[in-house]
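Labels A, B, C, D, E and F are assigned to the chains in the order they are written; within every chain, residues are numbered from 1.
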């Protein structure tokens, strides 16, 4: 029995030291990141048996991805490609007003030729949850088709399927995203969506509760979770509305915060928590992530519980 | 003539880079720290002839402690042990809500078998001040007995003795601490205590002035200094009450702040300042320490005076 | 045709890691910095053809300065000296209340013996702008005389000349500065001056607008730009007053902020912008600089425009 | 079916940068190392399904060990202890004549209280090989007893058992080692031993072939592998003698070389290779390890084969 | 008048620290490298006015290439592409027998769509030398066609054209290389070729002098320079043969050695030296390069002369 | 009673990472070095009570020198100067044929104005040995005069005086050195001199034994120690000749090797060893120093003895 299966691309993440620009840096921090493996890592950190499905180059760079995910307790289910390249992204953190800039170098990566038959999809037959995001179908037609096939198979096998809309303007337009994603929603039980994406991509504006109701009604989602940045998250589940403020954090690295939220939510749900508890875990995991360099939520259930109970950590000695 | 003698354990302090967790870090910053040597270092930085008494393993790690204290101007008076280990602590700084976590690995360290006869205690016969803390007697029965013996000898020799209660929940319970420490108070002239420890360990609550009066009356302290975090410090001396607000600081590393306060206070007192001036120096030294990585207050008297006079440093060029 | 020529000293800048003191650091960050080359770099980054004139030792250290300026797009016009040394400055950043401390080790540097005949001054005959600062004439009599000669030649050739007063208390007294600088003002079109320097060095107090008018009237400046720290800048040009607030920034390194302001202002002006636009570019370039380690504004015109349009950067992906 | 199960202690390995001494270093490289997990890692790198059994503190430091072993493809089977400490070793590499110095700080580590009932020993019932070393029984009586119990159970279940004598003078005397180890040999099929240990600990001198025969005869080993430093290795198996020279290497870090040899040998044997091929793989894996920082052989089967076929790597592009 | 124009691809070069593998490293050294810009840098270091022609993405990564080449004194002549990617290569140095491994990630880089019309080819009309290599035509058909066009134009304009065969097995087969390159030889005056490439790609074996004569005769080269690794280089020029041994070096980074040789040879020739002197400068520049991290020969003419005169550097103080 | 007093300049030593040039490095290693304090440090490491006399700027840089020397067990006797600068040297290590280059930036350093009256010269009255070198009198006339005065005073007080000729071509000519140094020899008991300096500076050629005899005879030295690089050292003492080969070493940093030799020799002599034993300690200390980064011999007497007894260190565990 696997608790959580995710599917998507994991990239090499290269970032210069704080205060240094990509144009001038002589060293790059090398880590890995990808929305779906970020969720799998957060899930594993919080107690789930997590599997990540993807395609990688059969090279030191591809093996590096597997190695790091294994370290975080995720079991990789990987199709290997002798010739393909590893998707890469350059991340330059900058204080305001400079902001954080991401340069993708992910075209023609291994995952763009993925097909369901290459993946150990049997794991879905015995999985509690399947999760993917709106980034994957934007990568290539094969990635889109595999996303659709996996959602359908997971759904058919009785897994709860979830989907984080995660619009990326550097990959496709609002219109392209809308057309593709709404087709995929057929086999999605739980939608995670940022409020601004609900409006920009799905054309939903108005009160956030109305947006949630509209999405649930039109696409048949059992659960809709809308994230609103500093204003916290709102979930609609079985007609009931739940609200969750953010836990304040000293942000060192904001990348991966949304994935940590999803991972925390799914972990609590998979472990039997209700939607309220899921939102708390999601928000607490997200706030802890902000204090950690890299995409990944290296946290423990005890730390998540402490944030929920006490708010902050002080000095423990 | 020695101005200040302290006694206690100094450990190797190992900490990962900012934003990185102990579970994943590939490098550790190696420094030293210990409440009593931290005080000796602050004292030496501010002009005192300072001696630190302790027991160390006769190994590169033990010699490293001596080497670093000497660099900071402290004269170590050390009993060497061929076989023992060096106490170690792992320190993981995290922004809130993650907080700062200390993992002690100090059991069976060299100092746990210390005896007065091993130490160059003659230095006490000619010392102005002797200082130790509530951490030392928590380490072992020999450490407790040596603490008692040194306090008694220093007191008999005419030194002013001071004691920082410094309760550590990872070492002993409130009840154990209370029993042991109140016995030691007999030969203590000046008590430093955090308000929360005064309540939790010594069972003193109520108005802070009342707490100070109660402690002074019951244990015969000439001076009681109560620290209250962001609310500053209060001293009771010869029946007179002195208050000192904190100087605001951009905190990079909060560990050692309390010891810097004590070191600043004692330095000013040893150099002839009154209690008021001692509190100012304590608060200014503590605020400077917060901007410096590591346990130690690497400061100058000029910097301390500038903080007192001007509040902050700006850009000097 | 050269857009901008600057003249002054560039030093090796050595700084310890954050939180570490010069007294204890085992590594130093090695960069270069100097007010006039900082301005040239900001100008080049924003599209100007920039030249920097100076004198350097003919050594790896001198060549290093040239190398780094070239990387940033500045063309160095250098007199080489076989025997002289490179000016150096040690920079220790500290959070408040410690503040930032600069230790100059620049005496007898190569530029202190500079003479106009050694420099490729022909570049001035075809330059749009010439800029220098009040640091250069404080370095030595030859540096002062060369400053005067270059201002006169640039002015005679029809370039717009600008001068940033930049008082440095570690180099000379207020009185010495006033006497020397007011003589130089004869051939200066645009004066940049911090309000506190206008008062302390030039003896101008009162309303900032009055100060600007007084300076323009007494010295014949076409433009006076007064910077007021967090209160923004004010320009007087052709009798008209322009005000510009600062763009808020997460400050990582404040050194070079003023030079980035001047570089942004001059770049916009040289590219045809009016004073208003110049102030906007100056303020935006300065705010971006604050997020970057080192003296230099490694920015693009697009980033400057985005700050003006949107205020901050968020996450772009 | 598990290919290889190992049992022993894994420590935190802390080492200063090249050329820097423990007495003065400000940073430590943090890795993990332990003879038996080193073997498991080499085995996993070369294609085996490897399990490592041990006991660890339930702390970030203990979890770090598990995390790193997982990354290298080893499945940890761990008993967790809330209170115990993690064994640590300090490693100072020095060029000759300084040499490499190891300081153990491993007393009272978690594994010293290990008992078979805490470990997932069922994995032995289905394992091809079980491996441990002479370090483990030197750690404590419980560690010795568990070593004996696991050897017996593995042997009873039909696994091939192997044992690397690995004498450590900082843990016990020659006589103590001899007494304890010869008792354990009853359930050992394959002995790995350095020639100098065969002499010093087991009292075997004379021609190396005679030593091998004597050991095989007296203790009933099916295979004896004797390593002779630069002179290569010799194996006696079923009465036949095999010799293997070393592959020359540019040594960056010699620690773990012997374990890489054992891991390479066992991997080839488990994958069906004969003793000759096992020695080749052992020697090639060992030579590759020498070029890699840390205890662990991060290699691929292709690299091992290339060393055997071509001797060195040149530049591949 | 430009001394040397080169054309080819420059990549981002990413390499882990010594002793660390790509699979496990957490940091990468970021530099730039490319055969033709390496030659231009060596030329500029030795006194030539050097221009490098290529196509780059209009991004921080592309600008980084320009920035670094400018620092080394090369004038970039670049076609900018808004959408393309920067070629990248991962370089893992390993002592023997591990060897050095290069992983190219250069498919679809900006230069693969280059066309002569995009480049500032006018610089060729006034150039003394034009140089490119056998890597460029292997990248794409447009890159091949542009190589051919530039060789033809340079030749027509009277420049001396040179070509380093530089076979890369990861880019094409021997047969493909032979067919393409022999066509390009029509407009090449000077051929640089490794002896093993002369045999494997061009099918020339036998005595090295015969190989040189055969190549000169069949393709009409004025000069043929054959490099033979540790055995030094041999040049055939106007029927005369010159031999040059290598200068021994402590090799820290062998990448770029061949390009340093070419740069040194061309620099001496362009400055009026004969073939003998060119070989000396080439060999000396190559040996210095081996002591420097990165692809680039950061050297001075004085250092090159010293190697030729004295062999090594000792300690100069 | 002080065992060893030395006098001379200690500088800040700044060096780029291995393989990186001063022209391009972004970080510098910051250490301290100076021939006489190097000797004092080696002496203290080997058991002597050592004092170092000098003059320093009263700044963080000056205090840093004191701090580091104290860490190594040396007691600094320092005259402080509010305005002066700290001598600095840039050190670029390069493998051959590049070699190691030292750039001095020491003109007008604090020590150039030193006078005996500023120094705590009373320490000489009770010292066993006084040591200085031929670098100090080259720095300035006051430094020369102070050298002479201290030699005379030490000699008068009964200390054994020693002098290392240490010719530095970047400071003065052979002739200047000869004239100044031979005057100083009057109060020198033991001369250390490299054979090449004996020839170049003192005009002594011929057999090394003849050189030693000639020097002893002409200048009245009780002991002459001539170092001959890889050929080891030779001492003439009371008419008897002693020879000492070098201990081979993997050289990481050769700077300070000669000072380590002197420190080892003097330490053994001060502790009662004869000249033979002094040479052994000198050679062993020098070989250990070569494995350590920085000028300083961070060693123990046990390590020195082990080198003498066993030659190398191997792996101790």
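We adopt the following convention: contacts are C-beta pairs under 8 Å (C-beta built on N, C-alpha and C of every residue); 3 or more make two chains touch, one makes a residue touch a chain.
Fair warning: this is a prediction, and the values are worked out from it, not measured in the lab.
J.: Farthest from subunit C in C-alpha centre terms, which chain would that be?
T.: D
J.: By CA centroid distance, what chain is farthest from subunit A?
T.: F
J.: Indicate the whole-number Å distance between the mean C-alpha point of subunit B and the mean C-alpha point of subunit C.
T.: Roughly 46 Å separates the two chain centres.
J.: Out of subunit C, which residues touch more than one other chain, so two or more?
T.: Each of 21, 23-24, 26, 67, 71, 101 in subunit C touches at least two other chains.
J.: Draw the chains as dots and join the ones that touch; what shape do you get: line, ring, star, complete or other?
T.: The chain contacts form none of line, ring, star or complete graph.
J.: I'd like to see which chains touch which, written out pair by pair.
T.: A-B, A-C, A-D, A-E, B-C, B-D, B-F, C-E, C-F, D-E, D-F, E-F
J.: For subunit B, which residues count as touching subunit A in their complex?
T.: Touch list, subunit B to subunit A: 18-21, 23-24, 94-102, 104, 168-170, 254-255.
J.: Can you check the complex and tell me which residues of subunit A touch subunit E?
T.: Contact set of subunit A toward subunit E: 14, 21-31, 59-61, 63-64, 67, 85-86, 88, 90, 92, 101, 103, 105, 107-108.
J.: Sort out for me which residues of subunit E touch subunit C in the complex.
T.: Within the complex, subunit E touches subunit C at residues 67-68, 70-73.
J.: Show which residues of subunit A lie in contact with subunit B when the two form their complex.
T.: Within the complex, subunit A touches subunit B at residues 71, 247-253, 284, 287-288, 290-294, 298, 303, 307, 311-317.
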